[in-house]
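Below are two complexes that have chain A in common, paired first with chain B and then with chain C.
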Partner chain A sequence: MNKRISFRQSVLLGFGGLILFIGLWHGLAISGLVPRVFLPSPLEVYDRFTTLLDRRFAGATLLGHMLASFERFAYGFILAAVVGIPLGLLMGWYRLLDEIVSPLFDALRFVAPIAWVPFAALWFGTGIGGPIMIIFAGAFPPCVINAYRGAKFVDPRLIEAANMLGTPSHRVIREVLVPSSVPSIISGLRVSAGLGWQSLVGAELIVASAGVGYLMVQGQANISTTTVMSGMVAIGLVGLALDSSLRLAERVILRKRGLEN
Partner chain B sequence: MSRRVAIGFVTILIVGLIWLMVTSVFGVIPSGRFPSPAETWSALIHVSGRGYGGGDLLLHAYNSLRLVVMGFVFAIITGVPLGLLMGWSRRAEALINPVFLIIRPIPPLAWIPLAILWLGLGDAAKILVIWFAAFVPSVINTFAGVRNIDRPVIEAAYMLGMPRMRFVTEVLVPGASPMMFTGLRLSLQASWTTLVAAELVGAFYGLGRVLNVAQQDLYPGMILVGMGAVAILGWATTRALGMAEARVMSWNTAALAAKG
Partner chain C sequence: MGVIQFKNVGKVFGPKESGFVALKDINLEIADKEFVAIVGPSGCGKTTCLRLVAGFDNPTDGAVMVDGTPIKRPGPNRAVVFQQFALFPWKSVYDNIDIGLRNLNVPKAERQSRIAAILNLMNLEPYAEHFPHQLSGGMQQRVAIARAYVLDPDVLLMDEPFGALDAQTRVVMQEELVRLARKNPRTVLFITHAVEEAVYLADRVVIMTRAPGRIKEVLDIASIRKAEDWDSHEKIEDVMDLESFVHLRTQIWRSLREEKADQHA
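What follows is the complex of A and B.
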């Protein structure tokens, strides 16, 4: 908007910002204005993080907890994609199905995924089933909505051309509808991975006996702020890795189809 | 459209009938797993009359709504100006963006244990996490909104020597508001999710507290009532935000046209 700045300036300013942020945090922690127990310095969090990597806390090492979380996430996310994408595509293709499912979907949309926790615990227990259902509740809607949009907004000329050439409808679905919805589906998957990961964390805070969320709850119960912060860092790292890999997949797929701008 | 409404109505009716059939009439689903309509109704009477989990339904709903509104408003007050600043000044963007990049991947729900450590189980911890959940989308979308303003509009304002204050109120804010409202809608959703999670983790009042106690008591009727109440409040606040958006936007176009 106002003056453009050079790349060098922006890198310098960026580092300045980070140093300012970490410096303020460190300064506040060592100043004694706030109890050290509640605001450890960044170095102490780093120490705790590395310790947790090879010492067990709340039943497993940090990596063990991360793996447990990721496993649940993977099941819930894949389930949401496998059910949600075909449902969305079919809703985009068959008008009647759209008209039947949409009102139910709209009614359920306002139930926060986390509000399913009590039923999830009741139906599937607190081991792996319950959390998977919560992740599913978080990740399912974007899968459906984006597949639906993808199918709904296919260039009608493509479908008309296929129809005119006498292509049977299962082939139209497989060879026209699905391929042209792929970009929309992929961006839906990214949203749903983010929401699913966040729901998982919530589920693990409330009902779980392993996973990063559980580690954080235990840290909180033991008033170990460093453990809680290490958990936050771990969650952020896994979330970031998930998002970057999906972003990469998106780029690869779009490039293959010559759609990249 | 009327076909749509009719089919939707029939669908909801059929689902309701199926619900009645599988729970009360044939008993396919035991009432310990999912409540029948009658059990849900009696749970609703229970919580609105005698109260449940420390208060009646209105008290719980009022507490949840109050916390969401406070956290959300606080997030707007802090997030929108920061987003405007970052959109306006490339320097501010360069300075602040990296800090955002490292904090953003941490989902708002992950702040709950820290907020409880810092502020306990009372209102303050919840307002903090809701603020955090709503703050990030407000900033990012306001920022994107400013960057989406047509360059000629800004250049024209410059060329005409518009004073800075008027530039902010008459170009920057109205130009950014469509995306800003998108951000606010996302913020509102995030606020509800976060509040319910925070109340499930620990609270004295609120709809999440109702859900939590009902889960411990194995009381499916009450769970369903709690979920319904959360959904209704979520819908109502989204609706209210949509109305506010319609008002602000119409005012904007009218004001701009009048100045024309």
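What follows is the complex of A and C.
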């Protein structure tokens, strides 16, 4: 189980799995068991995907839609990080804040991001605020939880070491609490980016102008399953790129600490 | 100056009446620049004593004072060397040593020269830019000692500083500590499980009873060290072979053994 697998092997295995999946999908699509409109073949989706790259559909090219989505995502995600990380750290550090906020937070985080759609529409109409709020709802909890864990489980000896070295207590937060929570914060950001990006389509149901979600809704309206699937592929690819870059950042940081396994 | 005084010190964990009594009636005075080692059975309150001097905890009874002032909180005049090193893993060796000096607002040029001197003294010069995880346990502990010494503290508190090291490294560190203590004497409170280590390093050895921890006896090592001229031997194993050394060691062993035996009575 724990045998070491080289990077090359892991890439090969990943590709193998992908090819197997596409093969099975293709087989099912051309078998005639399912009507073609319901399940287009991979080649048709590929065709549609490349066409969408330079032909406008629903007001923009696929890249244009992806960019519009990413922009909303970035706002929601950054907002979640900027508010969530400090809140989590402070909850981990100040017992009183923890007691006040935790019950509320623990209840709210079980409300799925998409459940905020009615309110987002009500409060923000079709402006950019709505989707940002939904993405924020998805991305916020992991930011808080991981920063909180990082702060809660900081090695108490490091705090004592900082104290005995004469570090003023307000600076202990910056000197010890934050850096020792960084690995936990980064893994929180990874989860948070994933959940935020996942909430995107839900968020874009309520803005009717651009974005991958909008493209997919329009595709559905035109009974173009290939368009819908192209949207799914685009979401997957951006998600993968997002996660890989955050994972890379995580590895760089862990390696610097000698924590990488 | 660095005179440590324990005056009728008691420490109870939990509620004062029904809690766990860790220390009781501790009276001890450690002179300036004296090296005192505490030995005692596990759980007898050695670490608790040290934490009171460090200011990490406060006594429930009596007072712990340094130079006549009761201790309230930790401070850089009482530097601590932890058993598990407690270096900041995100800081280089240099920055780990620098942090205390920066907190004291020492000017940059002086910080640099003091750090250079301590790195040299501890044979750490090639590792200034390394991170703690890139160093062996022995070297990490050297950094922790350097981090404490560079502050020029009145008092140095060491809680089983060599407990996590292998036997050879331990001996090297013990010799090094003696070298350091001669060059730059400090008041040291040193906790250990190793009786030899206590006898080799300390001016006085304090033996504690099992919980509730009290002081059982205090042995004067310094006068014997002087009389028998231990310092003329450079190597630790030569000192440990001396009859006077063996005698003291055995005496402490017996005393500790009585404590352990009590436990099963």
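Methods note: the second predicted complex is superposed on the first by the 229 of 261 C-alpha atoms of A that agree within 3 Å, B and C clash if a C-alpha of one lies under 4 Å from a C-alpha of the other, contacts with A are read in each partner's own complex, and residues count from 1 in each chain.
Note that in this section contacts are C-beta pairs under 8 Å (C-beta built on N, C-alpha and C of every residue); 3 or more make two chains touch, one makes a residue touch a chain.
Small disclaimer: the values here were computed from a predicted structure and weren't measured.
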Chain B versus chain C as contact partner of A:R257, first or second or both or neither = second
Mind working out whether A:R247 is in touch with chain B, chain C, both or neither, as first, second, both or neither?
-> neither
Pick one for A:W197: touches chain B only (first), chain C only (second), both, or neither.
-> first
If you stack the two complexes on chain A, which partner ends up touching A:P179: first (chain B), second (chain C), both, or neither?
-> second
Looking at the overlay, does A:R56 come into contact with chain B only (first), chain C only (second), both, or neither?
-> neither
Chain A: partner with more touched residues, chain B or chain C | B
Identify the partner contact of A:N163: answer first if only chain B is touched, second if only chain C is, both if each is, neither if none is.
-> second
First, second, both or neither for A:R36, with chain B first and chain C second | neither
Which holds for A:I5: it touches chain B only (first), chain C only (second), both, or neither?
-> first
Determine where on chain A the residues touched by chain B overlap those touched by chain C, and list them.
-> none
In their shared complex, at which residues does chain A touch chain B?
-> 1-5, 9-11, 13-18, 20-21, 38, 96, 99-100, 102-104, 107-108, 110-119, 121-123, 194, 197-199, 201-202, 205-206, 213, 216-217, 219-220, 223, 225, 228-229, 231-233, 235-237, 239-240, 243
Listed in rising order, chain B residues that touch chain A in their complex are 3-4, 7-9, 11-12, 15, 33-34, 87-91, 94-99, 102, 105-114, 116-118, 146-147, 154, 189, 192-193, 196-197, 200-201, 208, 211-212, 214-215, 218, 220, 223, 226-227, 230-232, 234-235, 238
Listed in rising order, the residues of chain C that touch chain A in the complex are 54-56, 73-76, 78-80, 82, 84, 86-90, 99-100, 103-104, 131-134, 147, 151
Residue positions on chain A within touch of chain C in the complex are 155, 157-158, 160-168, 175-176, 179-180, 182, 256-259
